[in-house]
């Protein structure tokens, strides 16, 4: 199968996935107890106000009617207005999602930078002291609750040492990177632990592969064998996991964003669920789903590029 | 223990032995917390608020004057429960679905593929939060929420493995013997396909505890006054500067237990790899 | 009366590639591997029929069609006068007990999680071969039959060597007291010294139990040693069938000839440096026209490209599918 | 210490600009950490404290609440007068007042703004101006407000955010058909006449206000207000992080410091831990309907409720939850609310009396009930956890249910809850708002509790048009007496607003109604 | 008499350390003469592949090589990494059993040939390109220019093996080590590849060490052969001699296990039991439990390779010789 056919197939597979998500999101938010008006107006609102606002929002109509309206909206690219903030959901997504994307991207880069060299050391020094130390350290990283790690990093590197700002997002691109460093590290910890483990065993699996022996039999330099023959093949299996994890990271940035006061989409999502801001929850879920799908697609492409057998 | 079994034990991977030791100890503590805890984990002592570790309270007391050690010990019961129950249903259901999907293949597999895509594309934590919001907070609902998503991962693993196994000759041998599909899937293929899922299960149990603590942080996990490590850490985060012991000790417990599960998983994987 | 027990009648089998949605949308043609392209073959009661050919010739697929591990796409497989595709329920299970298969890979053909006893008793129980109380005795008997020690019963497959595992596989097949054994590359994964043991066992069992054997293999020497008759397959077709001696002494199909010439002789004094067959096997997805072998055949002429040669009699019991009446060895 | 040099440079540039600003007398930009972002910056259509508490910095009202939150002072109006029959309010507009864009504030703007604010179709605050029947301008300096019936709270109502004066022309020039659409567009870059002007807003992160050059007020030193060049609100949802940012010097101030941290910050020499008096009261709201879910409701028994009140050790709760910062409530309204009566806890902790009352009640053997708390809210959780322990001693098994806000509101509004933790802050410098919600049954069924007292309802209705201050005080005294003794609550404590400020922050105030007042704030030069 | 090109003395290969160490190859000695094809024969686990890999110190992690492998006056076992790199793939090349796993699946063939040329020749890019194409032509891959940019999975089994041979030949090696190069191939393709190797041996004046389990392949290709059992060489000699008159009971049994024309449907002369595992090599002669000729001494003392030219490690050589070769009577073809 050619690369284009492969891509076309992957894109087509997206359609049922998105339809499924559309339905689930719609049903789920409407199953949530409490209506947007009460959520927004809080304890003090009078019943009449609540009814009036629900009517204004069209929430008094039947569910099928609402669903049809919703689907129509989605297909015209209009995701409606936020109930609490009144502004278009598309604008909110445009403002907040890139922040989460940047955070996730940084976390992914950091995770890779931490995991790859250490996986090598651990795999090549298998069952020795280095291996145990690296695996132990990553295990601790993996077992710590994200919010706790975040607070510790903030306290030590932010408040005490003052190397990094204590949360926030900053102004300007470089400042963003600076502000997002600690949260990205926090987010990267568990990912890098998972990647390290996976890559380590992938490398162990590859080191004794016949083609590595063949490469050695060719009299190639150790570095060339390491990078061209071992790493590249070991990365193939890790890459799929990496793609999956990026998806999880994107959806799971909620807590990191809360702790570090990063105005990303994760926080917005949770706030919107609590605030029963249906349009925001729906819009954001769809945007995240598309984004995650695109990530999967990118890793698939990368995988196809690394491993020519995939497109077969 | 006989000499035989000692030598057999020695042949097991170190990771497995350590992991199993940690977890067996954890299960014992979880089963008989009162035998180990010096105080009632719920008893408040308004005089001894935020007392630092001392002989009377080795791990100090929290903002209600409750003994942190006793709470960490009693939390074993809940956290080991979380580890088990949050993953048991996904494990069983996912395994059954995965086995069927992997065996039947074809259209069933395509449909399953789309369901998997949808579930993994959906932001996991968001889904869990939404489901817990629908059902109300609490452990049971948390299990349900995790289960709705979690089974997919097991099903994926099992389906892939069953697909591999069904190409092996012993599956065909079963068919040539005239065995029913159910017998071939569940008696023959599944026992051979299940090991990666079991290894993943170990990791998943550790992750479940962490997820439980994250939900605890958001107030959606274990409900007070029950002691649960994640909730304890979340409660203690306001006291990190003044009363570090409230959050640090349950933190240790999480790390230790997580370590136990991971080591066991690694060891198990090693044993099973070795057998091949 | 020709005592045909099992026969393949114009059997064909395709394995289609998975079609994506996109393929369906584009209306792309269904791509398939044409594994069997009209195979007709009779197995006579009590004989050993050897089926030989190189990988991709369809011999394993044919073996699987014979025991109905695959349902054939065209033609039919007839056992004892009945089209096996029509069997269901109890009849199908009865057929399964009558025609058994033994597999190539000693490492994957046994469930690694079941002891030998479990494997055998499962077969005995499912088909109600023996009352419950007699099962253990029967297992002992079967182990004896395949020359395995009695203490083998309670061990898992990984405790056995390859040869022993093949014996277990044979015992499992024999547990249901079949009439026909289809052996697919039974010994090709074994070491030479062990191969001989298993071959000897098979010969002995066939005599003792009057089994009919279909012996599928790529090793000409083995097939020759074991078979009464041999069928040669190429690209999903039978190109030649003959009694063993006839086939090996006077092959009539150029492919058979090439195959025999290519096989190294166990006699260092008789080496040749001539390449027996040029080129490689064509893709089973896009089959050549006419005679499937024409792309590699030293004798190919126009007709071979356009016409499909049919199996025609050459001598008593000897048929070959070649347009030439008597191609000379090159 | 190693840093990326690039980052160091950026930081250096930032530092130098900051010090430049600080060189000016009483200038500077103040960075203030909030727990949540604003949502909708329209004075009339908004609904949440995150908006309410900062709106007055952008929008000015005719009258302003005093710093103690008890009465009113001059705002855009310099003089005000209520006629003897209480049916007309006459206000005199200040000279030369302008919106921040430099356009003059006219009587037309005032009439339009007040009409919009009292339109029953707009928002949820219009009831505050419900008594108004017409707003007119006899001349271009005078505003006359006609009331349908006398309203003793009309002056405070004119100081509430929703009565802010907005530029009619600019508002109506906004795109959109409906008032909501125009308001949405307008609130994206609002124009008002408060001390500060909207500058920029990154939702979820920062909201920047800058000095309004056209603001009318002068400070006590004769300088023009505001002193600050701007205020930047930063959103930091996590309490611990918010405090860390103050400690690291990245924030000049932060709101809603958890009580657990107050002591620690008070001890910090660099930080000024302020506890601003508030109208905030914390209590438990009890559903007193005779039946719940078809079962008889023990909480409908007044003796049970009194027993619960006596069994609740307020001092312990104040210790555990507020770490000593709170004080026991002496009435359902805070002591900072006008016409408050009472002194010391209404129900001093007395377990014996509680047990006694339980035994006299219809439920001597106790019962099980649940309490709703807001998920993630440590205070409510602490209260519930403590009460769980305390009430177990009088045979009440308390089940804690942590729920999110929407779920809680639904159960609350439907009256299907047993109990819930609650907290209240006044929006107006008058007792009528809290009383209407807490005690007067027609509004929301006395906090959706189903409690009803004919006497209280009657007293409240009378007080709503009672212009005689003394008489009104008597009415309120009686209402408080009845409600405090028999009401559907367990009264707990009142707490101040805890705000952490850098030592050099001067002149900041959060008034008891919650409004953050920055107009006289400045950053003192080191 | 010509000097051997490669001289192996007391070669051992061990895995693991201390008490649990396993010896896969035990004191193996042999010579390879210029231009000859030496066959190393044995069943699985006999140590033939490990022996071959030990020659270039190509054992997996945890493996250790002892003894000496003398190549042009230098001992490969004691070479520095840099020296070893020059020999590996340069003077001595190796090909493997399963080209699908021995070729890196993710790199195009061109890269895999070029990296060898870059490591061992002075050619520039252009020169390497030309040489790569030349090599593909040499091993008989049609349409070589295009196929250079294809990946291993796009080749058929036979073509893949040709690719691997092309890579191995890149630096004009003087010795080719071939580890079961045709086991995974069909008979007709095996025939092609074996002939290719022999042709190349003639053209390039290489020596070849061919590891195989198939005595037919040995008979058809090799000049000399060494039979291995349980990590040791048990018999060594000229191929025709060994086939005509095996001196070791194991060799005889092996030859007898092969079905031969004229004996159809008769019992084969099989060897009982199975080859021993490395952890449980019997005392004395390792073959004694399976041997029909075994006597007491076989169970006690390990026999040494004796003889001149045709050597065997068997206490009862005479009895074996007397029993005769099972091959002799089979002179018909196949």
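Each chain carries a letter (A, B, C, D and E) given by its place in the written order, and its residues are counted from 1.
Keep this in mind: contacts are C-beta pairs under 8 Å (C-beta built on N, C-alpha and C of every residue); 3 or more make two chains touch, one makes a residue touch a chain.
In UniProt terms the chains read A, B = Peptide/nickel transport system permease protein; C = Oligopeptide transport system ATP-binding protein; D = Peptide/nickel transport system substrate-binding protein.
Computed from a predicted model, the values in this text were never measured in an experiment.
Shared contacts of chain A and chain D, meaning chains that touch the two of them, come down to B. Across A-B and B-D, the chain pair carrying more C-beta contacts is A-B. Taking each chain's centre as the mean of its CA atoms, D is the chain most distant from chain C.
The mean-CA centres of chain B and chain D are about 44 angstrom from one another, to the nearest whole unit.
With centres taken as mean Cα positions, chain C sits 49 Å from chain B. Separation between the centroids of chain A and chain E, computed from CA atoms only, is 52 Å. If you average the CA atoms of chain C and of chain E, the two centres end up 31 Å from each other.
Residue numbers of chain B whose C-beta contacts span two or more other chains: 133, 217-218, 237, 240-241.
Within chain E, not a single residue touches two or more of the remaining chains.
Annotation for chain A: residues touching 2 or more other chains are 13, 32-33, 147, 151, 155, 273-274. Against chain C, the residues of chain B that register as touching in their complex are 168-170, 172-179, 183, 187-188, 191-192, 275.
Of all residues in chain B, those touching chain D in their complex are 42, 44, 46, 49, 63-64, 133, 136-137, 217-220, 223-225, 235, 237-242. Residues 64, 67, 69, 92-93, 95-97, 100-101, 103-105, 108-114, 122-123, 126-127, 158, 169, 172, 176 of chain C are the ones that touch chain B when the two sit in their complex. Note for the complex: chain B touches chain A at residues 113-115, 117-118, 120-127, 129-131, 133-134, 206, 210, 213-214, 217-218, 230, 233-234, 237, 240-241, 247, 251, 254-255, 257-259, 262. Residues of chain E that touch chain A in their complex: 53, 56, 58, 60-61, 81, 84-90, 93-94, 96, 98, 101-108, 111, 115-116, 119-120, 151, 153, 164, 167.
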